[in-house]
Structures are given as C-alpha cells and as structure tokens.
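Next come the structures, one after another.
Paired with chain B in one complex and with chain C in the other, chain A is shared by the two complexes that follow.
So, the complex of A and B:
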C-alpha cells in the first residue's frame, strides 16, 4: 500500500489569454520510508506538484491519496489533523519563518497547534527536537535571523518532524546551503529516514544530490512525466531527451590531477 | 603571463550595526590579462567583496586598505583616474544597467592627475612597486579602469540588475552610447548585434521587449549583452548562473566562454560551485573567511589540492559519479 498515490494530477494556469498546464496528467506514488525525487528544468512543474500535494493550491483534475484517504476531500479539522502527518521544508527557512521569532517559538507552534504536548511538557520536547537534529538546547532562545543558514535548516527539519510525519516534502531544501553544510543536512535526513521511517518527496534541480540520496526519480518536462525509475539507473543512463540534457548539463569535476 | 591587475594587501571592512566585519583580509592576487580566473568560496568567504572591489563598486561605507593596480592597454584605460583603490568613489545606484556606468566626474578628475597615460614605460619602472615577478612589458600604467567601459559586471539576479520599465534595446544601447560616444541609432544597431551575439531569439522584437517578458535565462543573456556593450577588457560574473536551472546554467557558461574567447576578455568568474568553476576557468582562487586559501591552475587545484580546505570543498562536491550517501548510510549516524 502506497503512502502517497497521485493520479492524473493536472493544474492549469491562464496567462495572457492562453491556458498552460503547469502540471499535466501526472501520476506517481511514494512508499513508506522511501525517497522519491522530482527533477526537471525551471517550469517543468516540480514545485507546483509539491504545492498541490501539500494542498497549498488545489488541482484542476486528478486524485491524491495519502495514508489511504482521499486527501483532496478532507476539510477543516480532518485536513488539519492529517497535515500533521505531511510536513514540508523549503529552500529558504528565513522566508518560511517569522525572522524575529525565537527557535523555541518556531518549534512550540506545531506542538501546541496539533496538541502534541502540554504547555509544561513543551520545553523538554523542544530541547529533544533540537538534539535530534544535531543542535543544542541552548539555541532555543535565539532569534531565527541570528542563527546560521545551516542551523536554520536544521530548525526547519526539527519543526517538520515535531508532528511525527510519515512524509516530508523537501522543496530545494539543500540548494541554498554551503556545500560543507549540505552534506551534513543530507546525512541528517537519511538518518531520520532510517530511524523514523519517514518518506521524502525530494524536489531538486541537482541530479548529483538526487543520485546520492533518492531511491527513485521522476524527470519532469513541461508539466509531464518524461521518465521515471530507479534514481541511479535513470541518472546513469537517461533515456528521455530532457534526462539526457539534464545529465549533460551537470557540472563535472575531473579529479584525475594535473 | 602579463598582469592586468595586481591586488596587494587588500583588506575590506564593512560597518554593520555598530560593529565591524572584515570581509577581505590582506589579499594578494594577480589577474592575468586574458585569463579565465575563478574565485570560489562558501558564503562569507569574501568572493563577492573581491568582485566588487575589482569593479570599484564597494559601498562608500566600506573601509578599503591596500591597493589594486591596473595595467590596461592604452587605448582602453587612457582616461581613467589614478590607480589607488580608495580613490574611486563608486557611484552606486546604477540600477538601470547590468554594467556600471562610469561617473563623468571621475573621468575628468582622472585625466588631469595621472601621468600614466602619457609615459608608459618609465612610469611603470619607477612607480610600480610590489611583487616584481610579473612581466608587464606590453602594457603601461593607465590607472583604474572605467566601469561599464573597461569592466562589465554580470550579477546573479538579472531581474534586479535590469530596469523593469526600460526596453531591452535601450538598456543595452545606453551603455554603448555612454561609453563609445555613438548616436542613439548607432547604439541601437549595436544593441541588436549584441542580442544576436548572445543568441537571443528574434533580436528585433527583443529590442522593444521589457525584462518581464523574457525568461530568466534570456534576461541573463540581456544582462551579459549590456555588460559587454562597450567592449570591456574585463568581464566579472558574480554567481551569474546560480539562480538558473542546470540546463540554462550550462548554456550561459558556454556563452560566457565564447564571448570571452572571441573578444579576448579577461574573465573573473565568482562561484560557490567548484565543479562549475573548474569547467570554465584556467586558474582557480579558493577563498575562505576573507582570505585567499589557495591559488593554482585548475588541474592542480582539482587534482592535487595543497590545502585541507580545498580538499574538503572537493570532497563535499556531490557529482554524478560520487558514491551515493545511501550506500554509505550508517557510517556517520
């Protein structure tokens, strides 16, 4: 049984009198504890799919099943409750959070809103979350804008796991990080996945990163699925035109030496 | 190797919220005429500050110590002001163009004071000081280049560097008109040929288009066209492809390589991406915490790095042939 099953998903936009399908009849599934990557050039629809799956926008057509429920049919309290199981981490946590909020406040919100821990219990839970993502509890009173980009992304991950999700949508979540920090965050994500059996919908333009951490990949082109399969198989020998173009364009380090 | 510019003991300090942040610390670096030099580093490394310093674009509030001496060919640098860095007071706010328009007053002041434009070799032998290893024979001292005319600058975000309410054609033509003394109609003709050179589809209608009508990659092509409109000797690209997707990034890198080769420009390519930089540059300078960590030919930097930090950067690269983290899972848990 899939954790997430998306079928015939379609989202159209009207621009200048013309209708463009940003997402055009896309189907895929994500199994528990696996990483499915979505890749493609700008405008291929990968971020629109992320927003549709999170129900930040509504599709024109198609079906989304999440944890065996018709996710698009959920309303109000039922939707809020189910959202605890489906979390997100974006590229820029500074844009996602109130920059003046403290780390503690950012982590307190989901615990409070989803009724996960009592007021008295929450400071201890916040400390535990910070430690779980490799931070120390003394970071809690600091303001979001004061901490480093890598620390902020760890806080974003801590907030995402606060509600014990089964799926996290990661939209270019490591793209803005320095390379030295990026590796640590990817290892943290893998560790969380192993320990908590969290599945990831991993949206990225970086085929190297996808090949490194994803189990399967879907290559998108102009809103449609161009190719999908085992991440390494697809990236090592792409069959679609867009797959070949993406692989050819990836920068390569020739470390053979002078 | 002929130095186009020598950077000596360059230290740049910003004042921020009452405290001082040193963005560059005692940097020594020669820029070789005609080379493709990559400046790489992570955030806070000082790579963008170096790009701005070379272009004379640092904010007036920045404290600059040390100097940058230029050895521009006479035809291009003759009108430039004297060469010590703090003498340039960069006029900021040239929002309308991706190149930096020279301030007319600066060039007037420069003309009177600088001996270099007239007496090439003597001025060079007597006046130039540091780091004598560099061969400067074919050039003479001509002082600081004029931005826009002698240095083209391409920024990361073309949406921010292009004027949203000015046509593409005018933005490019304005650079040519300002620096080359052309008429408007000559400038527009040049703008059209530049749009052809940067391979913008349908240059005729692009001349009349506004930035918002173009894609991100097309906007960056326009920004590059504006940057080279006056035929600069130096092109500085500061994370110019970082906001673009991989395919467009590869196209823009290929475009920069072609233009730089065709025009014999010197390229400063500022990037956080060591693999991308290594594909384009002949030499790589690695920066960290405001200091130059390592400088060398690309093959040496990539294949036999001398510094642990350079090795760490290379090891952190996740390429298409890197062993997947999934396979290594558990090692670091």
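So, the complex of A and C:
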C-alpha cells in the first residue's frame, strides 16, 4: 500500500489569453520510507506538484490519496490536523521563516498546534529536536536571521520532523547551500530516513544528488511525466529526450558510483 | 550612527519633539498646576494677558483663567487625538489584514465598506456621528473617518507578504488561518501602517478641535476648539481669546507631524541601510 498516491493530477494557469497546464495529468506514488525524486528543467512543474501535494494550492483535476485517505476531501480542522503527517522543507531557509521568529518559536509552533507536548514539556522537546538535527540546544533563543544558512536548514528540518510526519516534501532543499554543507544535510536526511522511516518527495535539478539519495526518479517536461524508474537506471541510461538532455547538461555526474 | 543620533541631527524633528514634549508636559501637569475646575470663575471677565501675574494670560468672557484652560485643553487634545488615532490604526490594520489575507468575497466586501467610508469626507462623517450619538463618543466619531487609510496600506502590505514562503510554511505546520493572519502576517505589515500615525494623530487633533468649535465636543471638558469658539463672540474686543488657543493648536499639530515624520525618516533610513 503506498503512502502517497497521486493520479491524473492537473493544474492549469491562465497566462495572457491562453491557458497553460503547469501540471498535466501526472500520476505517481511514494511508498513508506522511500525517496522519490522529481527532476526536470525549470518551469516543468516540480514546485507546482509540491504545492498541490501539500494542499497549498488546489488542483483542477486528479486525486491525491495520502495514508489511504482522500487527501483532497479533507477540509479545515481535519486538514490542519492531518498536516502533521505531511511536512515540507523549502529551498530558501531564510524566506521559510517569519523574519521576527526565534529558533525556539519556530519549533514551538508545531508542538503546540498539534498538542504534541505540554507547555512545560516543550522546551525539552525543542532541545531534543535541535540535537536530533545536529545542533546544540543553546541555539534556541537565537533569532532566525542570526544563525547560518546551514543551521537554518537544519532548523527547518527539525520543524518538519517535530510532528513525526510520514512524508516530507523537499523543494530544492539543498540547492541554496554550499557544497560541504549540502553533503552534511543530505547525510542528516538519510539518517532520519533510516531511523524514522520517513518518505521523501525530493525535488532537485541536481541529478548527482538525486542519484545518491533517491530510490526512484520521475523526470518532468512541461508538466508531464517524461520518464520514471529506478534513480540510477534512469540517470545512467535515460531513454527520453529530456532525460538525455538533463544528463548531458549535468556537470561532473559521478556515473561510476557505488 | 544610531537612529537617535540621526533624529537629533534633523532640526525639524527636534523642533517637533520639543513642541510635543511641551504639550505632553502641559497635559500631565494640568491638574497639578491648576487644580480644581478650570471652568470655574477666577477673576474679572475679559482681563487682557500680562496684566495680572496671577492670571498671566488673562480671563475670558466669564472670568475663567485662560492659562488654566489652555493646560487642561492640551490634555483633551492629546487624549482624544491619541485615542482616536490609536482606534483608527487598530481598526484599519485589522480590516486591512483580514481583507488582504482572506481575499475573495471577504476582501471584496471589506474593501467596498472601506470605499464607502472613504468617499464621505471624514469631518462630515464625524459630524453626522456626533449629531446622532452625542458628543460623548467623540473618539469613535473621529476614528470613523480616519481608519480607511491604514486599512488600505495594511491590505497592500499583506497582499505581498501572504505570498512569502513563511506563510506557506505556517500553513504546512497546520496553523489556523486567523493565527497566520494576526500572528505571522500582521506584525510584519505594521511598519508602513505605523508610519502614517503622525498624520493621523495630527488630523484627529484638528477634527476634535473643529467638533468642539461647532459646539459638538465633550461639554464637560475644556477644549481648544471650544475656547476659540467662545472667543469668537468677542473677537474684536478681545482677539487673544481666540488667538492663544489657535496658536496652541497650530503648534501642536506641527509638533506631532514633525516629530512623527522625523521618526519615520530615521527608521526608514536604518531599514534601507541594513
């Protein structure tokens, strides 16, 4: 039974006089504890799919089944409660937080909203979350804009795992980080997946990263699925035109790999 | 350079701050320096200023101490002006945030209401309200015509903020839409709204004076507008009775405006630099 099953998902935008389909009849599924990568050129609809899956925008057509429920049928309080299980990490960790927030407040919010810990218990939970993502508890009182980009993305991951989700959507979550930090964050994501059995919908334009952490990959082109399959198989020998173009354009793709 | 230093380097701002400080000192010391009823008779009627040093600014038609009235009037001006401006800013910020954040029908309805209030001149609105409800709710009457500006500014700011990632982030963690609007979005939309406060306070003080001038102010309080209105009857023989509160009013409005602009200016520069 898959954790997330998306079928015939379609989202159209009106631009000028024309209607364009940003996402066009896309179907895929994510199994528990699995990483599914979405790749494709800029404007191919990756972020739109992420926003649809998270119910930040509503589709024009299609079905989303999450944890065996019709996710699109959830409304208001029921939807907000279910959001605990489906989290997101954004590309720009500075833009993803209220500029006035502190680290503690950012982590306090999900714990409070979903009643995960009592007020008295929360500071300990926050410290534990920070330690889980490789930070120290003394970071808690700091303002979000006072910590480094890498630390911020760790805080974003801590917030995402605070509610014990079964699926995290990561939209270019490591793209803004420099190479050494990127490696550490990917390590952390792999470790979390091993320990907590979290599934990832991992959006990236970096085929090297996808090859190293994803189980399966879907290549998108102009809102449609161009190719999908085992991550290494697809990246090592793409069949579609867009797959070949993406691989050809990828710098120092380590095809030898383990 | 700190914002305070920059503020102190702007002569207009300093002049405004001094005027405002004097006004506040007058308002606060009114009942200490002039205890008792400022509307009680203190001496002979129509005593000109600088004649009797126990009544430095003389007396009005009924023999009331003009200086005492001036001090107590400062209190009314400041209290009513600040309260009305605060009410206008709060209502405007809340309406603007709801409209901008909710969008759709809610936005449409709230903005049509805002339009309706904005098309009626604010003084007329205040006048109509006071004539119907009575002068005791002067603060509400004044706020009624001034909340639309802050509402529009807040809405415009909220429209841009609500597209930011962190608002999406707040939805993803399951935060209630009202909590997102008022805890996450509104505080970040406030700076440009607060930047309007000096103009709004100044306008509120003027409106209060105008209402009092027309005899629609609170009858139990001394007001500068009321003093000017009373002085009008003897404008030819005792012009100072209108001129003194008139000057006080002009200086107050000027002080509020200059100090407010100074604060906005210096903080805006700081934001621009960082």
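Here are some notes:
Here is the rule we use: the second predicted complex is superposed on the first by the 252 of 258 C-alpha atoms of A that agree within 3 Å, B and C clash if a C-alpha of one lies under 4 Å from a C-alpha of the other, contacts with A are read in each partner's own complex, and residues count from 1 in each chain.
The rule is simple: a residue touches a chain if its C-beta (ideal position, glycine included) is under 8 Å from a C-beta of that chain, and two chains touch if they have at least 3 such contacts.
If you're wondering where the values come from, they're calculated on a predicted model, not measured in any experiment.
On the superposed chain A, the positions of chain B and chain C stay apart, so the two partners fit side by side. In the superposition on chain A, no contact is made by A:23 with either chain B or chain C. Look at A:81: by the touch rule set out above, it reaches chain C but stays clear of chain B. Applying the stated contact rule after C-alpha superposition, one finds that A:97 touches chain C and leaves chain B untouched. When the two structures are aligned on the shared chain, A:179 is found in touch with chain B, with no touch to chain C. Residue contacts after overlaying the shared chain place A:109 against chain C, while chain B stays out of touching range. Contact comparison for chain A: of chain B and chain C, B touches the greater number of residues. Touch criterion met: A:54 reaches chain C, while chain B stays clear of it.
Touch criterion met: A:215 reaches chain B, while chain C stays clear of it.
By the touch criterion stated above, A:201 is placed in contact with neither chain B nor chain C. For the three-chain arrangement built by superposition, the Cα-centre angle with chain A at its corner and chain B and chain C at its ends equals 80°, in steps of 10. In the composite built from the two structures, the nearest CA pair linking chain B and chain C is 8 Å apart. The touching residues of chain A, when paired with chain B in their complex, are 41-42, 149, 178-180, 182-183, 186-187, 190-191, 194, 205-209, 211-213, 215, 232, 235-236, 245-258.
By the touch criterion given at the top, residues 42-43, 215-216, 244-251, 272-276, 278-279, 297, 299-300, 302-304, 312-314, 316-322, 324-326, 329-330, 332-333 of chain B touch chain A in their complex.
Contacts from chain C toward chain A in the complex involve residues 164-166, 168-176, 184, 187-188. Chain A meets chain C in the complex at residues 51, 54, 56, 80-81, 83-84, 86-88, 90, 92, 95-100, 109-110, 113-114, 159, 162-163.
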